[in-house]
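Shared between the two complexes below is chain A, which has chain B as its partner in the first and chain C in the second.
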Partner chain A sequence: MTAIAELAMPLSPGLLVVLGGLLVPLLPVALARLYVLALPAAVLAYTLALPSGEHAAIAFMGLDLQLLRVDKLSTVFGSIFLIALFLGNLYAWHESDRMQRTAAQIYAGAAIGAAFVGDLVSLFVFWELTAIASVFLIWAAGTDRAFRAGMRYLVIQVGSGVILLAGVLFHVHGTGSLAFGHIGLDSPGGPLILIAFGIKCAFPLLHNWLQDAYPEATVTGTVVLSAFTTKLAVYALARSFAGTEMLIWIGATMTAFPIFYAVIENDLRRVLAYSLNNQLGFMVVGVGIGTEMALNGTAAHAFSHILYKALLFMAMGAVLFRTGTCKGSELGGLYKTMPWTTGFCIVGAASISAFPLFSGFISKSMILTAAGSEGHYITWGVLLFASAGVFHHSGIKVPFFAFFAHDSGKRPKEAPWNMLLAMAATAALCIGIGIWPDPLYAMLPFPVDFVPYTTGHVITQLQLLLFAALAFTFLMRTGLYPPELRSTNLDSDWIYRKVLPAIVRGIGRGIDAVWGSLTGIGLALVSVAIDGSARNFGPNGLVGRTVRVGNGVAWVTALLLVVLLVSYAAS
Partner chain B sequence: MSTLSAALPHLPILQVVVPLISAPICFLLQRAGLAWAFSTLVSWLAFATSVMLLRAVMADGTIHYEIGGWAAPWGIEYVIDAANAIVLVIVSGIGAAVSSYAPRSVLAEIPASQRGLYYTAYLLCLAGLLGVTITGDAFNVFVFLEITSLSSYVLVAAGAGLDRRALTAAYNYLVMGTVGATFFVIGVGLLYMVTGTLNIADLHERVPPLLDNRTVHVAFAFIVVGLGLKLALFPLHTWLPNAYTYAPSTGTAFLAATSTKVSVYVLLRFLFGVFAPTSGLMALTMDYVLLPLAVIGMMAATVAAIYQYNLKRLLAYSSVAQLGYMVLGFAYGSVDGLTAAVLHLFNHALMKGALFLALGCVMLRVGDVTMHGVRGLGRQMPWTMAAFVAGGLSLIGVPLTVGFISKWYLVGAALEDGRWWIAALILASSLLAVIYVWKVVEAAYLREPPAGRTVREAPLSMLVPTWILVLANIWFGVDAELTVSVARTAAMGLLGVAP
Partner chain C sequence: MAQHSSPPPGETRRWLDEPRNVTKVVWTLVAVCALLFLGDLLYEKHPHFAVEYLFGFYAIYGFVGSVGLVLAAKWMRKILMRDEDYYDRDR
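So, the complex of A and B:
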């Protein structure tokens, strides 16, 4: 402790991971495998020993940057990010792809770095770095679909960064403060910053990149992706927009609407992506309520959520790894040869469904209680509905269709040892936190005065779960349940996949039209020389093509006329 | 040592005279190897001189040097302040990098009989650019501008060995360049008619009281348009894309990184150093001519760049857009805006220098700098393409590159004035820049090379200068302390604001 405090400028844990990650491509694969386990473990020890307070202030271009701010909120997010990185690396032990391994470290390091920065400019830098590093995990899948999904993902993520930068500029010019603290919607840049955070947090209608891109990543890539980007956004929201009432409604919508998509979706990793969205909704509601208990709930839920969501993605990844598919309609009966994976998947499913004694229970009930005690009854009702829904599609549907249901006849081998080990460790954490929540509660930003295991909480939750199970059984028995079909769901990403390109083409034509008329009604000299047509900016268009000397001189004459007129006007 | 200290007070004149005298010597040397070695030596000497001048200016303020001892308003005076000292460093620094890079590239692209002449033309161009920048005399600016122009037509035409279209490009450039220079000299002549002086400092005292004089208005219009043409202000940029496309790689790299920048500087000097920056004439011209043209140019040229197939042409259009940023910066008329403009002047030279040098490596090994030519080069020429990508990131304005610093100050200056829509357009054009840079990345890294093509990485003699510029992009992107302070001093000097 003192040794670290004595360092003139302690380094941000995130920066350590990024720099450490840069070494990965230089190491032989065998060594790199061990190294990427040691790296997050060592940095975690370092992080927990950091004294709280603000360190690593540097002046850059006349801006005071704060690379390391240690408080309980940043430490709890930083720690779970490091744990997730460790588990993800263990899960990816068998990979020999250097690029993926390097990208995962840099991506995680950027997210961790962002969790520890104290000013908005550094936040922006790490924000963009997560976007750029993570896209390689999608591209590493090597398919054309993955490439295209990765491109869309990159455009949206980098776009989020650009909006963030714009918001930060407004905020800084408006308030004069660079601090990454409470911003709120009253700040001039507030709405823009909220939109930037909202894109990464997959707010409703801004969410499609998630379901679009995550299921296209590699087996191991999805596990890593699921942990960082969205939770970083939750962290940023908790920092800057705690108590913004709008977030309660946004969050409630987020918990409810993905359920319908998840029910009819066939690709099980995409089902998990939808349920990821639903779980984020709980955290956003917590931020929106903004009381100490709600923020504690948000942090605790992010912590346990990262673990069980990673566990579920690991289990589905193992299935994909062994069978080559993740489609509900092609799977079933795998429990016979993959018993361990089945077991771990059920632990993940129980955690996400918030069964008592599993991690989801002790964190989700905090948010529910906070909503109830603040009088947000509609929200509370929506959250209850969403809890039933998530149990239904992630708790029952995913394990049921993958491992049980009708026998697909597939008899894959059990998952490799490293995947099993990673799943076992994650499952142990899920159960451990569920049974013994106090160490997690001790890490939370505010003192915890909450007992999860009261008769009321347990009974409510069990009733909810049993009725949801009943509904599923009833629908299956009566044949009303939507069958697992090969289908493509049309979500609102249709807007940017189809409508926006059409609009852009329209704008292009509009520009052409304006250019055409400008030249047409404008200077006769010019229009004679330009041969009439100005189709586009391309190599044969008005701007893009070689311009004849005469036309060039005509422009000169025209501009001379304009400047003369202006200077006459001035006198 | 004693000769060196004796030479010190004469650095301003040595800055120009050394390359100027070297040009005929270079011509007499004839043999390409010798000519190259000599011109490189001269370039480095010029670079060392300019660095010493910049340090002297930053430490002790403006330097006045009277040529031949003739006192200022009558004799020709060289005046060096922060604004032109930084431009001198850009010009000579890029010259040193490009000439060190040159021999292999010139060997491949220019016929044996013309190589010596090519180096001679380069030295003349260097001397001309340095002269335009350093002089404090309006007519002297014209003389050096003509030296620069004539030699740059030669540099462009030297590409005819590879593609005959270089000749028409050079001819087009010649006509347009001559029109620009003539407009400028007409403007200077009119000013001389009214004021009876050619010394810029002297003009600065005599012109502002005469601002409602019609002759001064006409002079103003001719100077703005003439220099606008020289600096490729949209839509007067028509000579630029072909000139950059068909010139030899080294010529393009040198001209793209220096010549338009020098013209921007001269326009800055005349707008702020001769005409009164606060007058209604200036305000109207800024708001209704320069600002709109800069914005339209920034958007239209960026869009045009997206559609280009030839990468040199793509970068040429991107240059037109980037010049739009510079004009935008000084069209705000504020200290912050001018700082951003001067900063971008420096930063853009680094980006474009690095990018065009990387393309020169591609030209040497593949012989084709189109989207087709770079396919699959990410694996075959990793260092070259990495340099291109780094330059491209800088062009977009990714943090930790100089491009980010420029954009940061430009956007900051726009918001300072409350022109938020311009800030939005700057960000939008940066996003469009992502598209054209990405197109190259996609071709180089995600496409397979054409069947049967095997290419080696470019030689070290070319990679090292390229990477020096790339690293400079990163260095000045991380530590912008020096460039920002010089740019701010320059901006304050130009606006006549006490620091």
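So, the complex of A and C:
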């Protein structure tokens, strides 16, 4: 045991967070609140001090496991995960639910652990742990909807892990290597591993678990959920599938189609889930292009995205917390009593829209520039359209319908101090990164040769965004803008929530009908046989009825006559 | 851009509660957009693609793209929209 403990040194930051998280249920709530702030802060300091290289190699049951690989890519993802955990815990300070607080630490620890592993088996273990730990954040909402959405989420997430394991088996069989490095589609297990990553990354048609489950989680749970699962998948893609051209098309599709849904979706947390999907598309395009600039862009965009997306979910969470709803059709005018939340939401909106001086601007532009300089004409056009589109729904629609628009008459209290503090810190980071990107650029996997703030770049970006705002205004003033309606919009989950159950029910009804008619025929035959027997052999039947003696003698005589004739003829 | 608000009685009206002021905000946006459109004169273009040479390309693309997005999404509602309890009804 000591031998294993020594071999596992230095400990993976992810394991530290998971083990630290296991202590949470043992602590009194007041202490746990402080503890979960100290934990990620201490582990972040520890992480940044780790020497780069490969550590903690363990031979376990004949497998060469590598629990800690420190390089720039793992450190940038590990660090932002820890920052997100800190901010999420601060946001959830008021929460006294031990289960949620524990689940959040273990979930984040698993994602951080996965970012630091160097072999595919350890990746699989952490991959599944993120799925199992995170579902409690959905179930904790306590509603029937949340329970069912959590079940669907769990099946899909665990399924992704099973597919990953199958792919890893093929990969190891074909290449003899367990290393979590570049895999590519040429490896025998490559396609399966790509599908497993793609499910967690919410590729088109594999995406709907995200929009289905995240908006059903608790106020604080969604903030935590938004940070880890999908960005872990982006990290895994960058590790194993950089330069896979198919990802450019997949990513471009991902940026574009969710924004149509976001425009007509009423639940504002679900709008944010669609825009999360759209932002992942930018990162996937960066992985697909695979140049140094593009991969830097992906890592930088993941970093800034985790912050502004958390900030937007925090603001909508505060609205849900205070008003009990997050539906655009029920909200409006909240800026009057929730001015701070409004302000922080606008900072998040400006960041996701990539306004100059906000974080999205300095990261998304790297991916667009990479797409442009590699000559991906159509992809570049789609990304530009998606950039205008994301401003439309996350930048304008979310703050507008929640805080402005028509006055709903709701006058909720401002968010609790801990939520405000968490939002303020996150907003400060969004602006800080936007104004001074160099520290982030220094953390990226490759040397950065990119200047975000050029006159041309600032002007073109402002043109794109403000004319998109003009379009919104034009559509609102002319009444062309579709109103917020209480509704459900069909997405790919329709297939497994309606069509497949209907097919199964149809098959069941078919079996029922065939069974019914078969047994009907059988019963009819039996009753015909019974009726026939009853007719012939019953008390009044031809054979069964009693006859008088005279008639009986006549019968016997007739029979004797027949026998006589037959034997005469035969002789 | 708040519109036709109905604040509870006794509450002081905010600046944005006046439709007049909302209109002011809209016209300010229009003015800023007009200036930005002319912003293309201020710098030398180093585009990746020929289409970027078009004067005000980003502005036009942003406006047309956004209007197209919203109108397409509005049309999608005809096919995709169901009642709020659509998935709960089978139980």
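Following the convention adopted for this analysis, the second predicted complex is superposed on the first by the 492 of 571 C-alpha atoms of A that agree within 3 Å, B and C clash if a C-alpha of one lies under 4 Å from a C-alpha of the other, contacts with A are read in each partner's own complex, and residues count from 1 in each chain.
Methods note: a residue touches a chain if its C-beta (ideal position, glycine included) is under 8 Å from a C-beta of that chain, and two chains touch if they have at least 3 such contacts.
Keep in mind it's a predicted model, so treat the numbers as computed, not measured.
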Would you check which partner chain A:560 touches, where first means chain B only, second means chain C only, and both and neither mean what they say? first
Which of chain B and chain C A:340 touches, first, second, both or neither: neither
First (chain B), second (chain C), both or neither touched by A:453: neither
By residue count, is chain A touched more by chain B or by chain C? C
After superposition on the shared chain, which partner residues are touched by A:249: those of chain B (first), chain C (second), both, or neither? neither
For A:46, using the defined touch cut-off, is the partner it touches chain B, chain C, both, or neither? Pick first, second, both or neither. neither
Using the touch definition from the top, say if A:473 reaches chain B (first), chain C (second), both or neither. second
For A:546, using the defined touch cut-off, is the partner it touches chain B, chain C, both, or neither? Pick first, second, both or neither. first
Dual-contact residues of chain A, meaning touching chain B and chain C, are none
Which bits of chain A are touching chain B when the two form their complex? 60-62, 124-125, 128, 147, 158-159, 162, 165-166, 169-170, 173, 511, 536-539, 541, 543-544, 546-549, 551-553, 555-556, 559-560, 562-564, 566-571
Of chain A, residues touching chain C in the complex: 145, 259-261, 263-264, 333, 335-336, 369, 372-373, 375, 377, 380, 384-385, 388-389, 392, 400, 404-407, 409, 411, 454-456, 459-477, 480-482, 485-491, 497-498, 501
Mind listing the chain B positions that touch chain A in their complex? 171-172, 175-176, 179-180, 183, 211-212, 214, 217-218, 220-222, 224-225, 228-229, 235-236, 238-239, 241-242, 279-281, 283-285, 288-289, 293, 300-301, 303-304, 306-310, 313, 317, 398-400, 405, 408, 411-412, 415-416, 420, 423-424, 427, 430-431, 434, 446, 480-481, 484
State the interface residues of chain C toward chain A in the complex, per the touch definition above. 1-8, 14, 16-17, 26, 29-30, 32-33, 36-37, 39-40, 42-46, 48-49, 56-63, 65-67, 69-74, 76-77, 79-88, 90
